[in-house]
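Chains: A, B, C, D and E, in written order; residue numbering restarts at 1 for each.
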Amino acid sequence: MKNSSYAGLLIIAAILALLPFVLPNSFYLDLAIRMGINAIIVLGLNLLIGFAGQISLGHAGFVGLGAFASAVLPHHFGWPTFGAMLGGAMFTGILAALVARPIFKLKGHYLAMATLGLGIIVNIVLRNESEYTGGPDGMPVMALDVLGFEISGDDQWYWVVAILLCISIWASLNLINSPFGRGLRALHGSEVAARVAGVNVERYKIVIFVMSAMFASVMGSITAHHVGFITPSVADFPHSIELLTMVVVGGVASVYGSVVGAVLLTALPQALANFEGWEIVAYGVILVTCMIFVPKGVVPTMNAKFKKEH
Amino acid sequence: AENKEPIKVGSILSVTGAAAYLGTPELNTLQMYVDDLNKSGGVLGRPLQLIHYDDASDASKANGFAKRLIEDDKVDFIVGGTTTGSTMSMVPLVEKAGVPFMSLAGAVVVVEPVKKWVFKASTTDRIAAERVFIDMRKRGISKIALLSETSGFGQSGKKQSEEVAGKYGITFVIKETYGPKDTDMSPQLTKIKNNKDVQAVFVFGFGQGPAIVTKNCRQLGLDLPLYHAHGIGSEEFINLAGPAAEGAYALAPALMIGDTLAADDPQKAVVAGYAKAYRERFKEDVSMFGGQAYDNFFIVIEAIKRVGGTDKAKVRDAIESTKGFIGTGGEINMTPDDHMGLSVDSLRMLVVKNGKWVEAK
Amino acid sequence: MLATFVQFIFSGLTVGAIYALVALGFTLIYNASGVINFAQGEFVMLGGMLAVFFTHAGLPMPAAIALAIAVPAVIGVLVEKFTIEPVKGAETITLIIITLGVSLVIRGLVQVTLGKGTHTIPAFSGDAPIMVAGAALTPQSLWVLGGTAIVVLVLWYFFARTLAGKAMLATSYNRIASQLVGINTNWVLLMSFALASALGALGGILVTPITLTSFDVGIMLGLKGFVAAVLGGLGSGPGAVIGGLLVGLIESTAAGYLSSAYKDAIPFVLILFILFFMPRGLLGSKVTDRV
Amino acid sequence: MTASIHAPEALLRVRDMVSAYGRIKALKGIALEINRGETVALIGANGAGKTTFLRTLSGVQPMAAGTVAFDGEDISRLRADQRVARGICQCPEGRMVFGPLSIEDNIRLGAYTRKDAEIGDDIEKVYAMFPILKQKRHLPAGSLSGGQQQMLAMGRALMGRPKLLLLDEPSMGLAPLLVEEIFNVIRTLKSQGMTILLVEQNAFGALGVADRAYVLETGHVTLSGSGAELAENPDVRAAYLGM
Amino acid sequence: MASLLEVSNLSKSFGGVHAVQSVGFKVDAGIVYSVIGPNGAGKTTLFNLITGVYTPDAGSIRLNGEPIEGKPPTMLARRGVARTFQNLQVCMNMSALENVMVGAHLHLDRNPLKAALRFPSIRRGDQSIAERAAELMDFVGLGKFVNAHADSLSYGMLKRLEIARALALKPRLIFLDEPAAGLNPKETEGVAELIREVSNSGVTVVLVEHDMKMVMKLSDRILVMDYGKALTEGTAEEVRNNPQVIAAYLGAQA
């Protein structure tokens, strides 16, 4: 699975096509859907963090905006669900664009702090506006209706998410190997060199931030519809960290790493579910060990190994 | 041939995270009674198997685990959902799959409107609010300050308080909030102190927040009656708040004052039995949440016994027809319109006197 | 009205001093390694929880406090040795994830061993508030403020005036060059973690009588401490203190004058605003990279 | 042709040094000796491995195989700071000044391993050598121009009172007057008996001051001899002197 | 007709340091123009001002008669201004070839949506740029390292990589900040030849360099700076024999 090759995509597509036939019951299907949703969010986040080198510790905020747009707009304002999803993405995109300029004046930990603050503000608003959002206890979400066709049930959601995932991987691969993607990576490597070469650094950062925010928002909507109930914890700091961890464990600046990271870390809590109070410790130990032994992430490390053997 | 298949008890509790304080005694209680019942031959001759997942106080995790309990583990009934959020995220799943579901959460939305498969034989925030307001009226208080936590518990409590206040002639002169992890509430209390109309302060929260509020009140010299909702009436509160706790009111079920309960109190036996067993096994004090787990669990066990099997629909019907069940939280009488079954006086008003909780007169 | 205002200020200063103490721990490790140690909050928690544990175990207060500082310091050393040292030179986010992982382990272990309850220790000089201009200030707040002041002075002296302090800074700016002038960079990192952990623990002990403690208080304190450190300007001791006090004051006045529901959001809005004009915080060092 | 003298007074003796970046070997078995008081030049094209050699000598780059003996002691396993304490100081490629620290602090840190009372005098000596540094001594080193930083890096290395001074392209980026100045400094140090290993692209200058020199090509030593010998060698002239 | 580049009265100071003080000069199209001066004279700062990395405190810069002072580097790149850096600015997270391809950024369709959807036009453009970048690497003597990762190149190689990247912009005006630093005399000759070729192809070159042999050989005109000010300006011959320049910069050897 070389980072830039499309072969990995074919393998993933094949796995996705076969998976429903080998999974024993719909709990596993549900888990697969959650993995897929996370993978798509992480793909977007990795474009921002891994490729453009801009840390975001508040991405869950965008997921939350999408999720609650899909919950609140139909429920309180009678919007059609599909419209709410698009509206949520638009709103998230606009918000991201508005805050991007001031935020991206900052670098490193200052940027991390600013994005963290943004996520926390979103979360606090969602928690406090309980008239609309149900507060910390959350609210139910209607089924998604796309132009008269209602998507519900794990079977349908599985295929929707699987197709979206393949498209997202394909688009990400295309993007990073394009002039735009190279510009992003260049500004990561050296901002001043990128500027002098004609990369409009500010614009690129804004574009990729808005794009990954909108990715997150749409997937937030899908999470909301799939689960049927949503609470502000989708937008909280631990969730942002969880997404960040998926990026890093899978591999910073690795498209396939995003998918692998999302799959592993979505499965991990389920695997640890029977640890009786030791889950947190085990989760922490696994994270740290993983970072120590594969600091570059699972996929890039495996790539390097693979290359070595050949 | 007799059915020896285990009866599968599913539970999803918040054993870690913000609500760990509630979830832990709940899980302890379930484990203890599943063990005990198994030792004494199980139920209907069948052993019990407890399958538990910790949602870490995160409602979306609860949803995933509920699916696992229903689809993968195929449990016969579910106890849990420590928080309202967790409960509500599971409700659509149990309703669809048709699994009897006993929530341990506090908010009234769980059982109102009534949902076919969802029960909750534990006190609600509405009852708590009503109980406090009744007591306030009794003492001639009508203008109060409401200080609620921004947690789900506090927000729902605030909403219910607002809804029922009118009925008891209570008006809120000032409403403030604090975060569940806040370390200092003096700014809010200073505002309350500056408002001369306030006759009493009603705090809706649980965990360490109410203890800090109590300390801050005394530090600021705020001498109004201080009422707490249900959920803090334990030794821990007095330890944390120290001398400042003296004179604070709080709601609690009979369980919390088991030792001082009148001998003829109908709950005496149940409460004493539970408290003794729990203390022996876990070497720690009982909490009302563990007691709620006891009540909800045994309502289902009784129902299964009455049905003579685990057919989900029949068990559900049996739960719905529970009558006169004496639990740690009071007497429970379910009806098709009431999936909670507790009355307002199931909660007792306690006050701290000489460093001990006693029933307020 | 003055009394009310003064009360908000007292409240803000007390809470702010707590944040400042946590922020100083961040500063110390950042200055030695450029790492933001997201486990810093857990050391604050450890200090408080261990002080509770040792006093309950029957130790006299001074001994309990000494142990509650020493044990976290040792843990800090172990953390550096086994999780930070092996990944020298890794990317910022990798280090962020590692420290977050460490914080989970510490929190989880405390939860399993010391339980989930909330605890407290008695205030050092009693609970009777001191009244100033009609506002109440608890004696423990003075302990916290005083502790913060001493720590910041010591740190300032260390980094501005001693060669060991400069060596620590040098290590974070360029590890290779530091080795080339003879600095044992591993040792420097080890010491920075030991000191920062001890500092965090000390903070945890000082604040426990006010804030109470439980296995999960570290998350929020760590977060606020990070915010304070960034606001003040990463790496600056006085910055960390100013940042901490500022966050505390904004919170208390926001809760008092604006909205207690949004009091946690308001500091973030203001901080974003401040960073917009001062992208390296209030006292952050200037950028000196040349091209 | 190896001109190395296996004399007991060799201060530094490197045998079979191998060093690699990942799988790529940058040094493929280097043998080299420096006698006390000698100035030795190391020349080679871009990417030959000169910098890698110096970094490995200083211990900041891991050595995959080989031994390094210094002053009669095997130092192959020592950490970088221990090697500095024994008197191996380097003025690194790319200068590596501590940008945010003041110039004076940078210089002081050069004497980090020293405890003696003469540090203050030595600082003055460095200032005397590079007066511009004294003028700017309270400014952050990062604000210096490229050439000024080069002077600072040199001064910092000298503060360690090296027994063996490693210089990685010390004249890079310096104005002609200063290049001369740097070579004068090297000559002075040499006359004071300091042992110096000099990596230079300015091969004319380097071969001019060096007693002996080695030529490095893609990780191998291909030639060695006295400075004058190599300066006359037609291959060297063609490949490195551009004649 | 106006010169290609006209700088007048340009000033910039940092704190108390007047890095550049009222400097003015003109560069005609097609020539090689060198800026020399002692360390810290302000040469790099001058480059940073002209290429938009710093904003001037005062003064004007005109490119083809149009004012460009304070314009961002991206804008200047669009007008055909390229540069290299004294303190290397190479993107270590990319391959050597990609670094050079970044130089050609402006000649490509940079639309992210089209890219994500894999429009054929984008692929084709990228392909041809990759080929040109490889040629450029060959041109600067890095032909063997086309597939190498940038962080595996030595210092001298990286300096050349920067030249290739600057050339990939197809500049009208190129600023080279010490291109020969870190190169041996033989390699320096190679770079000098390279600059000559670039100049012959019609690109105007502005050069900062301490290697006097190279400067004297290549330059049509030379500006000498000292303490942020223009000391003198003239042909190689004039400058070489200026006693002030000899005293401040060249020393006896030249």
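Here is the rule we go by: contacts are C-beta pairs under 8 Å (C-beta built on N, C-alpha and C of every residue); 3 or more make two chains touch, one makes a residue touch a chain.
Predicted model only: the values in this text are computed from it and were never measured.
J.: Would you kindly count the fewest steps from chain B to chain D, each step being a jump to a chain that touches the current one?
T.: Minimum step count, chain B to chain D: 2.
J.: Let me spell it out: compute each chain's centre from its C-alpha atoms, then which one is farthest from chain C's centre?
T.: Of all the other chains, the one whose centre lies farthest from chain C is E.
J.: Quick one: report the Å distance separating chain C from chain D, using the average Cα coordinate of each chain.
T.: Centre separation, chain C to chain D: 42 Å.
J.: Quick one: report the Å distance separating chain D from chain E, using the average Cα coordinate of each chain.
T.: The computed centroid separation for chain D versus chain E comes out at 30 Å.
J.: In whole angstrom, what separates the CA-based centres of chain B and chain C?
T.: Roughly 36 Å separates the two chain centres.
J.: Counting in whole Å, what is the centre-to-centre distance of chain A and chain E, each centre being its mean C-alpha position?
T.: From the centre of chain A to the centre of chain E is 41 Å.
J.: Using the touch definition from the top, which residues of chain E touch two or more other chains?
T.: As it turns out, chain E has residues touching two or more other chains at 44, 53, 85-87, 89.
J.: Pull out every residue in chain B that's touching 2 or more other chains.
T.: Those would be 16, 150.
J.: Which residue numbers or ranges of chain C touch two or more of the other chains?
T.: As it turns out, chain C has residues touching two or more other chains at 111, 261, 264, 289-291.
J.: Which residues of chain C touch chain B in their complex?
T.: 4, 7-8, 10-11, 14-15, 18, 111, 116-120, 122, 127, 129, 136, 138, 207, 210-212, 214, 216-217, 219-220, 252-253, 255-256, 260-261, 263-264
J.: Quick one: in the complex, what on chain E touches chain A?
T.: 51-53, 72-74, 76-78, 82-83, 85, 89-94, 98-99, 101-103, 105-106, 108-112, 115-118, 122, 125-126, 129, 150, 165, 168-169
J.: If we count contacts the way the header does, which residues on chain B are in touch with chain C in the complex?
T.: 16-18, 20-21, 24, 150, 176-179, 181, 183-184, 186-188, 190-191, 194, 207-208, 211-212, 215, 218-221, 236, 239-240, 242-244
J.: Looking at the complex, which residues from chain E come into contact with chain D?
T.: 14-15, 17, 37-41, 44, 86-88, 152-157, 160, 178, 181-189, 210, 212, 248-251, 253-254
J.: In the complex, go through chain A and note every residue touching chain C.
T.: 49, 55, 99, 102-103, 105-110, 112-114, 116-118, 120-121, 124-125, 128, 192, 237, 241, 244-245, 247-249, 252, 277-288, 291-292, 295
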